[in-house]
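What follows is a set of structures for review.
You will see subunit A twice below: alongside subunit B first, and alongside subunit C after that.
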Partner chain A sequence: MPMILAGLPLILHGLLVTATISLAVLLLGTVLGIFGSLSLLYGANVLRWCVRIYVDVCRSIPHLVLIFAIFYGLPALGLQVPAIVAGILALGLFCGAHMSEIFRGGVESIPHGQMDAAKSIGLTFAQRLRHIIFPQALGRILPAWVNTAVEIVKSSSLVSLVSVVDLTMAIQQIVGRTREALLFYAVAAMLYFAINFTLSITGRRLERKLGHG
Partner chain B sequence: MATADAIPEVNRNIVVLEGLAKRFAAADILRGVNLEVTRGEVLVIIGPSGSGKTTLLRCINFLEDYQGGRIFVDGELVGYEEADGKRTRRSDAAIARMRADVGMVFQSFNLFPHMTALDNVMLGLCSVRKLSAAAARCSAASWLERVGLGDKMAAFPAQLSGGQQQRVAIARAVAMEPKVMLFDEATSALDPELVNEVLGVMADLARSGMTMLVVTHEMRFAREVGHRVVFMDQGVIVEQGKPQQIFDRPESDRLQAFLGHFAGNS
Partner chain C sequence: MYQFNWRPVFDNFDLLLKGLGLAVAIALLSLTIGSLIGLAAAFGRTHGPPPLQCLTTAYVELVRNIPLLLIIYFVYFGLPLLGVSMLDNLWSFVLALALYAGAYLTEIFRAGIAGVGKGHIDAARSLGMTRLQVIRHITLPLMARVVLPSLGNTLISLFKDTSVASAIAVPELTYGAIRINVNTWRVIEVYLVVAALYLATCYAIAGSLRWIERRWAIVQ
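Up next, the complex of A and B:
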């Protein structure tokens, strides 16, 4: 117990970094996903092609390779970014590609007649998205969005490999000092589980609430 | 007849099709359709499936683009601008504004499932007609009462029967006070016992002087409510005339063959 207490400040720091990275990646990914899916669905040909290439490339590369490519690649281009920013960019790019496909699928699963009816009462494109497409897509997208969020929280541990002190790295450092691998990796596992279980439960609750619409 | 001719054509004809042509992939769906619909007229379009009836309606409020000919609604060219013989698609806002003046009722109702019946009718009034919420609610409620659903305003589409859903859809379209209403097989997806409640609402609208283009397989409705019947086949109008003439004295072989399928229940 005293050993855990001694490690607590570092664990909390790591937890905070993991939470920050996850939130930033999800935010970036969701914004990219909205623009990406709208481009895939309604964009002009050139835009659609560009986004399609982005999506397919980012989804086919291992997360770790993406992180290394950006962490070591940007400095080669003369851009110095902190490791944590490189990690967020890399995972955010992947997340955005993944969300683009999720959102596109969600919108495409809405029957065409909905768009016809919305057009026929004179709604503009923006109004159709806001009043008809987005509210209906939300419920269809949410389960996959939560799954992605869970994946992102887990993948965020990869940034420890470019020496960001996230939860995983914090635990590794403590284990290095105390040699208590079993105890501290168990703590790490429990903390990751706690975050993701909370996410899933919240997601399921929201889903039930939206299910009425 | 002489007085009708004296009225300027733009005012007399609310919908005008000039040589309307539409091609899908390699198939010609519409091959030069000419049609004029006068204000207050109930025009019924009949014909076998694949004859282009639905596509014709969808072109009138530009749910489909068209390659040949012109469509005018109340004197305005639908969907395109013409300059120096070249046509360009009009802006999203301009197309939306024109569509607001053309009501449409679909075979599959297409109510917005995440909104109550009242909200379905109110959406266009608030977002497009820019009525205040109170005025929109008042108008929407009165239309829902008119179609016999005053007690279902808070119901979601999934809680309504097909006939009730279609009546909400009619209220949603008519509440916009369109210049013309398009009905695309409005009763084809309904159980037989629900057909009449929807046809009743449509007949009520027709009596109120609404200009209507009705694609239907309900020959009794065509005969009793229609002012004029148009028979389409393979993308062209084959024959048209007053209902009695079309049903009792069909001239073309194709119309005779088509009506033969309905013998006994029309």
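Up next, the complex of A and C:
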């Protein structure tokens, strides 16, 4: 117990970094996903192909390769960014690709008649999306969004491999000092589990509240 | 301006090819071991006594909510402290990935078991088959076709997850990229090539899986 207390400041710092990275990645991914899905659904041919290539490429490459490529690649191109930014960019690119597919699927699951009906009562394209399509798609998108959030919190541990002191790295450093591997891996597992399990439960509750299966 | 020089990458191409081969082998092996774990846990959860059901639920929920990297560290650095020290880094990773995959596969198999109609089970029971015979001759063959696409998706994710093995210096594809990058500093070239290799392999796996699914389909 005293050992856990001694490690607590570092663990809390790591936890904060993990939370920051996850939130930033989800924010970036959601914004990219909204633009990506709209381009896939309603974009001009050239734009659609470009986004399709982005989505398929980012989803087929391991997260770690994306992280290494951006972390080592940007400085080689003359752009110095901190490791944490490289990690957020890499995971954000992946998250955006994934979200694009989720949002596209959600919008496509809304029957075509809804769009036609909205058109026939004279709503503009933006109004149709805002008042008709998005509110209905939200209930179908949200569960998948929360699952992605869990994946992102898990993937954020990979940034420890480019020297960011997130929760995983903090635990590794403490284990290196105290040699109490089992104890601190259990602590880390509990913390990750607490975050992700809360997320999943919240997701399930939201899903029920919004009333879609 | 960045000057491209592809020679160092292609001079060391065998390192990448060997790494790719190892990555595919690890993914297949973990899928196999993970499937055994998943099958056992799925039947334990649907057919087993309540304590076993609790245990499998705990396993699935725990593993699905913690990072793979942490499981790898636990197996590689933690297990030796518990007296299990015969695993080198490669086998530690295979075990970690199989444990990780097992949790996802449990859910897949459970859905597969639930998808087998009750009528089939009742019919088999009324013919006098024992519970084990029903599982072997009715449930397993019927669920095999249902779970095949999900197994394929799992194989592709596992193949992508093999890149994390570089964290404990397993010489797979990403580790090859790290080595070439460190030795030659051709960072853009090496990661472009490695990304292309991952991309091509993912599509090759997906393509062959679709071919198998078509071959196996009941309605051609």
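Methods note: the second predicted complex is superposed on the first by the 211 of 213 C-alpha atoms of A that agree within 3 Å, B and C clash if a C-alpha of one lies under 4 Å from a C-alpha of the other, contacts with A are read in each partner's own complex, and residues count from 1 in each chain.
As a working rule, a contact is a pair of C-beta atoms (placed from the backbone, for glycine too) under 8 Å apart; a residue touches a chain by one contact, two chains touch by 3 or more.
Treat the numbers as computed from the prediction; the structure is a model and nothing was measured.
Under the clash rule set out above, the superposition-derived model of subunit A with subunit B and subunit C shows the two partners fitting side by side. In the superposed model, A:Phe125 makes contact with subunit B only, not with subunit C. Using the contact criterion defined above for the overlaid structures, shared-chain residue A:Ala117 touches subunit B, although it does not reach subunit C. Of the two partner chains, subunit B is the only one touched by A:Gln136; subunit C is not. Of the two partner chains placed by the overlay, only subunit C lies in contact with A:Val175; subunit B stays clear of it. Looking at the superposition, the partner that touches the larger set of subunit A residues, subunit B or subunit C, turns out to be C.
Within the superposed three-chain model, A:Val65 lies in touch with subunit C and out of touch with subunit B [touch as defined at top]. Residue contacts after overlaying the shared chain place A:Asn196 against subunit C, while subunit B stays out of touching range. For the pair subunit B and subunit C, the model built by superposing on chain A gives 28 Å as the shortest CA-CA distance.
In the three-chain superposition model, subunit A touches subunit B and subunit C at no common residue.
The part of subunit C that touches subunit A in the complex is made up of residues 2, 61-62, 64-70, 73-74, 77-78, 81-82, 160-164, 166-167, 174, 177-178, 181, 185, 187-188, 191, 194-195, 198-199, 202-203.
Taken in their complex, subunit A has these residues touching subunit B: 111, 113-114, 116-125, 127, 131-132, 135-136, 212-213.
The part of subunit B that touches subunit A in the complex is made up of residues 61, 63, 92-93, 96-104, 106, 108-114, 123-124, 127-128, 156, 169, 172-173, 176. By the touch rule above, subunit A contacts subunit C in their complex via residues 57, 60-65, 68-69, 72-73, 76-78, 150, 153-158, 160-161, 168, 171-172, 175, 181-182, 185, 188-189, 192-193, 196-197, 200.
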